[in-house]
Amino acid sequence: MRNKVFYSFDEAVADIPNGASIAMDSWAIAATAQNLIAALKRKGTKDITVITHCFIPMIFSEENAVMPAVLLPQMKKLITPVVGIPHLGGVAFVEEYVKNGLEVEQTTIGTMTSRLYAGAACLGGFYNPVGVDTIIEQGKEKRVIDGREYIFEKPIKPDYAFIRGHKADRLGNLTYKGIFRGDQPVMAMAAKFTIAEVDEIVEPGEIDAENVITPGIFVDRIVEIPEGGLGTDMKLKELIYELYEIEPARKLMWG
Amino acid sequence: MKPRLDRNGITKRAAQELKSGDYVNLGFGMPNLVADYADKGVIFQTENGAIGYGPLVPSTDKESADFHYHDALGRFWVPAPGMAVFDVLTSFAMIRGGRMIAVLGGLQVSEKGDLANWNTGGPQGGLIGGAMDLAFGAKKVIVTMGHTTKDGGPRILKKCTLPMTAKECVDLIVTDIAVIEVTLKGLVLKEVLPGWTPKEIQALTQPRLKLAPDLKEMEL
Amino acid sequence: MRNKVFYSFDEAVADIPNGASIAMDSWAIAATAQNLIAALKRKGTKDITVITHCFIPMIFSEENAVMPAVLLPQMKKLITPVVGIPHLGGVAFVEEYVKNGLEVEQTTIGTMTSRLYAGAACLGGFYNPVGVDTIIEQGKEKRVIDGREYIFEKPIKPDYAFIRGHKADRLGNLTYKGIFRGDQPVMAMAAKFTIAEVDEIVEPGEIDAENVITPGIFVDRIVEIPEGGLGTDMKLKELIYELYEIEPARKLMWG
Amino acid sequence: MKPRLDRNGITKRAAQELKSGDYVNLGFGMPNLVADYADKGVIFQTENGAIGYGPLVPSTDKESADFHYHDALGRFWVPAPGMAVFDVLTSFAMIRGGRMIAVLGGLQVSEKGDLANWNTGGPQGGLIGGAMDLAFGAKKVIVTMGHTTKDGGPRILKKCTLPMTAKECVDLIVTDIAVIEVTLKGLVLKEVLPGWTPKEIQALTQPRLKLAPDLKEMEL
């Protein structure tokens, strides 16, 4: 049996080369493989392409939580439907990097998930009805099919996926918790190599076959988040307290 | 100054469009207040992967907030019986498949129902998110917005001047002074806020408004 | 709250019009909404298009089990990757119908599931790498993308889906059991109207939110299979005994 | 008559290609016997939606057979710890994504590795199933088949004459008398069944066979 269990995040990302494309979902803190992202920052891998849902600025200390934005200095390209949100200062935080050559490919959430599916199923591309007559169509082929306009979209097939799961068994079978699922199941399917961090690693059989969301065949490495690691329940609770005291965050999250 | 509805008033009126059993996605900004006023049987969906969840965590409560349970805008809610969580692939099949009503914020709506709501044209324009998918795919799109800009200019225009979200997608516009339906024959003024005449509303609206045969005053 | 619970299969299919397209998965007995199929046969709806995985001849009495093949006299078109299997006489059982006008569109299993996904996501079509230089490409557009050949495939967006689930709550949230899942989740997403038959209808909350496979928004009607209905555990057990005595079936299923 | 391997022999040899931790899909016919001979750590996938399942239900046992648990060919198995079930959408992302080894039956293989295995050309040709997806998507395709047809004609041809399954997909051919690797430079004879010479095998093979530097006898 191949061993998939790693005991260090640094080791788990050690062989990711410069230039790699990495799907690492993030809906702010949710669905974010924080420890793997932090390890990739430590490693300093350059010229990476980041594929994520939500690319927003860090408004708290990196010791408490990280999001894909901490990788900005290492990035060549960003594919995302969300670059900043007005309440947190909009896109200003990426402007310096764009000036220095960062390519930003804006997409829609639904289009990104379909592009990842296309990557997983080895499709060559598809005709998408969303974005017609918007900035999304710029530079893309358009086609009328059965009377409706479509835009040609290409698959996304990342070299790596960083996954934040809930439980994993040693075979790599994964569950998620609540809204942490995000696009991670399709990212794991589309990526050539998948690394997951999880709350808990259990024995095969402890996850019911019916409740596996990402089967282990899609998962190459797993690391259990240690006590005090980023994204543990305790850390998340502390972060909530911190955000509650930050005016724009409280306004956003508690309405 | 004539009376205008505040955000609560606009969303209260928008909520009247929703009935028990409807599946509804609420967009960024004003629309997320709709949940407070809607029938208890309305089922809310959030595009980050949950449907049928419970009420929002009150603003005084940080204990109940859990990062595993919040909507696409980051607003915490509590789980409820009959809820389902799912991935984004499933979520956007829901959204694109014409099964949901979307209540979206608006910056501009054209007379054909084109919507601009994701980018003010300023430097903060990165938030496409799922708005284009929702505007395209929902079986009914209700837009809530102020009838005019801060400078008093119209938001309901012959053509949108801001970056487009989706064309010919809006079904109903609920503003702080009127309810307007988008039909194949043009915009139809259905309701006016008490204190306003159709003529006054037309003056703040660029395209020609038809008057509904059953034109009436808004009731909240 | 809309009522989705029906108490009769006949009632649940009563308004399906002639000419409807219906996704009704079938992997032989697995993943087959037998009671809904039987009801559609009783109703006699004509000119239907059937979308299914496995279209094979009935080798047992219709009282014990049914598969989509019982609808042959009512069908205008069939979309499937499997028409007959050699061990059970090949395609002979459809030949009379083909002569009389039945259109058979052969696809591959992977292509069918991608076409259903395309239907669910409202895509206009996609470029598929499977089937190049085979009969699958006949009459279809081909295109080279990044040096590889692809075939253009169109979405499948059925009018109806017939689903065989395991449990449903009254809101329509569904689970499946074992290999009964099949393509049913994507069929429910792609179809305009979905009708499900299940082993058991439970109250909301009895299915854990994490374990719902098909969320209720995709399910319009649900019927609990009554004692003695097709596909109950008892009926399935009886059928196993029957098949064990049929030589080609035993050879196929017990090796 | 010279000795030839029977179905068990062929599949036993094919099973030697699989090692612990490999994910493997077994095609219709002979390949499904491979499971009996493979290393216990090999993980089998069936395209109707399960992976990591347990052993097949023996042919004498009808009590353990359950329609919820069988492979794509209808062969019953028993659930096992660490198993996962999933839908066909997920299944074919596995199959197309280059994560699996496929052991497929064959009717003909060309010198470029084209495979024909779904249709004998007769009237019984409806069984495309997932064979084209597997042949296209697997990271390694092993074909098991008799070296010759019933009439003694070659099955390994310059070009396939039967309807194609997928082109340039086969990596290894295991027959009842030889093991042949498909390389960019042509077919390479790796192993011969004891009792056969390379020349005799070439006589039953249409394209030219190169001899592997380490050509050896098959060991079972």
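Labels A, B, C and D are assigned to the chains in the order they are written; within every chain, residues are numbered from 1.
The rule we apply is simple: contacts are C-beta pairs under 8 Å (C-beta built on N, C-alpha and C of every residue); 3 or more make two chains touch, one makes a residue touch a chain.
For clarity, every value in this text was computed on a predicted model and none was experimentally measured.
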Contact distance in steps, from chain A to chain C: 1
Pair with more cross-chain C-beta pairs in contact, given B-C and C-D: C-D
Centre-of-Cα separation between chain D and chain B, whole angstrom: 56
Inter-centroid spacing, chain C versus chain B (mean Cα positions, whole Å): 37
Gap in Å, rounded to a whole number, between the CA centres of chain B and chain A: 28
Residues of chain C engaged with two or more neighbouring chains: 110, 114, 117, 121-122, 129-130, 176-178, 210
Residues of chain D touching at least two other chains: 50, 79, 85-86, 92, 96, 136-137
Touching residues (chain side chain C, partner chain A) in the complex: 110, 114, 117-118, 121-130, 143, 145-146, 148, 150, 175-178, 210-211
Of all residues in chain B, those that touch chain A in their complex: 32-33, 46-50, 56-59, 61-62, 65-70, 72-76, 79, 85-89, 91-92, 95-96, 122-133, 136-137, 163-167
Chain C residues within the chain D interface of the complex: 27-31, 53, 55, 81-86, 89-92, 94-95, 106-111, 113-114, 116-117, 129-136, 176-186, 213, 236, 239-241, 244, 250, 252-255
Touching residues (chain side chain C, partner chain B) in the complex: 1-2, 117, 120-122, 169-171, 173, 189-190, 192, 203-205, 209-210, 212, 215-218
Contact set on chain D toward chain A in their complex: 20-21, 23, 41, 43, 45, 50-52, 79, 81-86, 90, 92-94, 96-100, 136-137
